[in-house]
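Take a look at this one; I'll ask things after.
A, B, C and D label the chains in the order they appear, each numbered from 1.
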Amino acid sequence: MISFESDYMEGAHERVLSRLVETNREPLSGYGTDVYCERAKEKIRQACECPEAEIYFLVGGTQTNQTVIASLLRSYEGVVCAGSGHIQTHEAGAIEYAGHKVLPLSHHEGKLDASELSEYLESFYADANHDHAVFPGMVYVSHPTEYGTLYTKDELTAISAVCRRYELPLYLDGARLGYGLVSRGNDLTLPDLCRLCDAFYIGGTKVGALCGEAVIFPRRAPKQFMTIMKQHGALLAKGRVLGIQFDTLFEDGLYFEISRHAIAMADRLREVFRRKGYSFFIETVTNQIFIVLDNETMRRLSESVGFSFWETVDADHTVVRFATSWATREEDVERLIDLL
Amino acid sequence: MISFESDYMEGAHERVLSRLVETNREPLSGYGTDVYCERAKEKIRQACECPEAEIYFLVGGTQTNQTVIASLLRSYEGVVCAGSGHIQTHEAGAIEYAGHKVLPLSHHEGKLDASELSEYLESFYADANHDHAVFPGMVYVSHPTEYGTLYTKDELTAISAVCRRYELPLYLDGARLGYGLVSRGNDLTLPDLCRLCDAFYIGGTKVGALCGEAVIFPRRAPKQFMTIMKQHGALLAKGRVLGIQFDTLFEDGLYFEISRHAIAMADRLREVFRRKGYSFFIETVTNQIFIVLDNETMRRLSESVGFSFWETVDADHTVVRFATSWATREEDVERLIDLL
Amino acid sequence: MISFESDYMEGAHERVLSRLVETNREPLSGYGTDVYCERAKEKIRQACECPEAEIYFLVGGTQTNQTVIASLLRSYEGVVCAGSGHIQTHEAGAIEYAGHKVLPLSHHEGKLDASELSEYLESFYADANHDHAVFPGMVYVSHPTEYGTLYTKDELTAISAVCRRYELPLYLDGARLGYGLVSRGNDLTLPDLCRLCDAFYIGGTKVGALCGEAVIFPRRAPKQFMTIMKQHGALLAKGRVLGIQFDTLFEDGLYFEISRHAIAMADRLREVFRRKGYSFFIETVTNQIFIVLDNETMRRLSESVGFSFWETVDADHTVVRFATSWATREEDVERLIDLL
Amino acid sequence: MISFESDYMEGAHERVLSRLVETNREPLSGYGTDVYCERAKEKIRQACECPEAEIYFLVGGTQTNQTVIASLLRSYEGVVCAGSGHIQTHEAGAIEYAGHKVLPLSHHEGKLDASELSEYLESFYADANHDHAVFPGMVYVSHPTEYGTLYTKDELTAISAVCRRYELPLYLDGARLGYGLVSRGNDLTLPDLCRLCDAFYIGGTKVGALCGEAVIFPRRAPKQFMTIMKQHGALLAKGRVLGIQFDTLFEDGLYFEISRHAIAMADRLREVFRRKGYSFFIETVTNQIFIVLDNETMRRLSESVGFSFWETVDADHTVVRFATSWATREEDVERLIDLL
């Protein structure tokens, strides 16, 4: 059985694990105050070309989204996102639990459109009764999106400009950021994100770490963000576990190197799917590939390959997802290709 | 420099780390549905002699307390605890963030007293205006307590009886449970906890794991506890990281073996402190030792030993804490002894 | 200037006011424990033919919705409603502030459709990942809806049946209930609502009271609902103010009598609008009339008549709302008719 | 039976009621935008000698406390108060429901002490672990307190100075403010409160209104306070009901006139209690009198007088409360005196 279900099925990249083993007995102070956290932050600041960025390490994606979003919103504000946004669909109401409405707009293959955002904001303030409605307080985008698509630099620049016009913080969910940044066609860089966003996170869980997400506030973190983390149960006692992992991932470009591997594997697969005439549900360039299968093929493949059900097309066809990752083995890709 | 500041300064026990390394490339399903989580649960159920227990793995203590407490309380209820309880003092208002008042009673070296609890509950319901007050909805105890003390079986039985009389769930915070269960004088066992409590957690973070706490509901977990975890940002994508660690800790009694090591080290230290005439702030039998130092001695020791400031006694004396753990090395204990 | 902007522009029906004046100096116990609250409840129980109903008086609509919904949902659940539902659009996120997601479905002139509700619930549970989503925990409908439309008994029966099948409480927002119950074509009664719903409220604010909404739990109120009200700031110290008003409104059918007046006024207006060829945005039978005006007519009318802007149709046309109420004077209706 | 149980047992002062009757049929815009709200605000600004004050009308005390406190705190902050503060004891956890911890300090006959407050704040920031604790974010005082006592201008000035030093908003709960301001010995005025506090409310419910509290922000209200009110269910649709009442109460000094009546009645009673040798539980100058009765006297009095149980002293003695109000009749006071 070969496995393409998702990008969080294996442990951590071996260099990450080794560093955990090597440093294991060093006594280190808790709650993210250790030297490895400091080094990891410094490396990320350099990768971001943003020496004044404030950086925090959290454990998982939903936790990060809840904590960051709650820290950026006033009580009467909600967070605008694409209707396909992870916070709207698959986080069990974590944002609402923190007291805030999610304000979904139409999505375009997972993406928010800057002019639609602008129209929404304009009409919100034009409504004479807007004092009785939830105020848009920030904007959430995912990059790559939940559909594996990417914002172009122009698109994100346009969204950022709308946000600035309305003084709304722009927050980017980078659960799979590595895979996005190294994909063919991507023209966004970490320094761009620092310039265009007010907060974003570099996902570790899906890109080589056991767990962990690095939140970047390029200019200024919310006051007492560490206490806010604690209040959300998001402050790890052994902060070292996150610091050591990110220190390793940002040493000698490991984060990007393993991301490139995942994309190379995905590109190879994509090319074969295309050549063999498979139908793509959505065109992606990242590590997620969405294919429409007839159900007979789906059944046949599922005997020897793991992949994810995405959605039903009709009685005879189904959209499924094949995901590669830092851990995908070339031989498994070749085996899958043989089966197609 | 030798280190006795706390019990979360090193990584994980080597057998735990090795298992993470060995299993690293096995593709496993996410969110706690993997085989290692299942095995770990089964081992814990056996150690608890409680085959029907429902078990969940969370990442850290504050997160666990917030999630479990919120899942057990009705909206108009609060959680009763000793005034020294961690949820009252050092969790940044995580319980209140979830909408619930913490209702502190007097503590006795960190412990709640069953008859005081009973009196409080009696007088609560006797108050004609109690409909305007926060209802006591559950009871929280720590074992060991924040002061390193232990409940006897009689004491916890009495508290449990009061809880049952008022139909209040009893929840035990076992961040350092291993150290408590193997201490000289402790007469409580995991099966006792299953009998007396409605929920408790076996702490991993401070007892040999990189991170992780195992929550036990001996009878029945709150409905959809997994979704509640997700909503709190407490559901780890790579649940394997927790499952593998607890599977190892509960294999061949490793959890208790490493706990005994910590207590042996603490007992050795305690004996020397006592012999040399040091003054104990509180008598403990667990891995935390609270000593009153004159400030000159404190300054001298702090040049070569790490320990924690606890509180000021007077202008010339200070309470400090020495903590041992699974990771404490005998040679460090001997070096410390030489310095005393 | 004559006024048709809304149904909450005047004070209270004179009989209600008189009773407040007559009883003013009677010393009465607080927080809804007085004899007038008790009498009002008894009269409502009789009107509902539901002797075991539990009844509470709250002050306003958003407050009532927030308090009732929060009392009926588990923490991980949200409330399903039509996308036009007041809780979704005009309550400033009061439901989310209480920690719960609003789950909007398509609306049909303000109404939820039973089969769409059923499909949504079926597909929710069919989704393999639903443990990561917000669970539908109850259903909210408005009667009359925000568009002034009404559910038929068949429609509400079908919705109720779906709710029972999925064990979801059905809650009906009756801010304008009186106007709905006496409208031509309505076939629902208070006893029907008791049978079909698990909670609903009889609106006072818009139907003859200074303020106040009567919440009916036909079978059983949530435990300690009074404490929940207090926690939401919804328990009025002088509960008498609400009790006396509802006692008067439900004496000799005043509530229905004044509702009929509003509908008679609306019917008269509707007939003239129709006769004079005005275009209806939506067909309603209740006290709200939605008319498409060309902007020139709108400007002309607005010089002597107050009405509400509803929405823009195109550059030259606008939807406006004329609302009648218990307080609408016949002479004002005739003056408006002269202007049409 | 004569009634001294509390100060919210009757309706409203007759001039207030009359104005509600007179204005009843005037069509007015909703949500506090009507002319009477505007006039009432202007009169209050004049009484406060604070032309730039921002003023809002809410319905009740707990609602006001919850809404104002939530609007002034950051998510990780709590509200400091005397342990006897209403928000700590009798508001059903409304503050915690809004996500914030109440941080009680010792009280001195209901009052907070400025130097104890200062010590608490100093030691909070001196604690090396304060990042893990709830931050003090504002200070709450009641005037009169729950024990009927008053802050002197010096005391409140000292508390205000501590608050300014730590940049903490000072909020004063004035549920019974009128009774405090006209009491013998009070040396605080509305302009003083504007100078010393960042927010306070002038209680209407207990001082002549059917319901209603006027919140004053002497300098600047929290952003979008109206939306925050709506989100808390605290924005009355018929804002007129509050505006008209406060417009009347602040016309020709009615608020103070009726407060003086209550205090004259209380002073008369106090003098008799003292003369007849009754034992005072606490010395007060306001409308609440706390007397220690032997239980036989208590039983005898309770046959013809209503008063409140306060607390048990011993097997034979009980503290009870006699409250006067704007509505207390001289003849009832004389009847009570005859019974003493």
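Please note the rule applied: contacts are C-beta pairs under 8 Å (C-beta built on N, C-alpha and C of every residue); 3 or more make two chains touch, one makes a residue touch a chain.
Remember, it's a predicted structure, so these values are computed and weren't measured experimentally.
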### Query
Taking mean CA positions as centres, which chain lies farthest from chain C?
B
### Message
Counting C-beta pairs in contact, which chain pair has more, B-C or A-C?
### Response
A-C
### Message
Counting only Cα atoms for the centres, state how far chain B is from chain C in Å.
### Response
50
### Message
Need the CA-centroid distance for the pair chain A / chain B, whole Å please.
### Response
33
#### Entry: Cα-centroid distance, chain A relative to chain C, in whole angstrom
42
### Task
For chain B, jot down the residues that touch at least 2 other chains.
75-76, 91-93, 97, 99, 131-132, 227-228, 230-231
### Query
Inside the complex, what are the residues of chain D that reach chain C?
3, 5-6, 8-12, 14, 17, 20-21, 23-30, 59-67, 91-94, 97, 205-206, 210-211, 227-228, 230-238, 240-241, 306, 327
### Parts of chain D lying in touch with chain B, wherever the complex brings them together
75-76, 78, 89-93, 96-97, 99-102, 128-129, 131-134, 309
### Sites on chain D touched by chain A in the complex
31, 70-71, 74-76, 99, 131-132, 135, 223-224, 226-228, 230-231
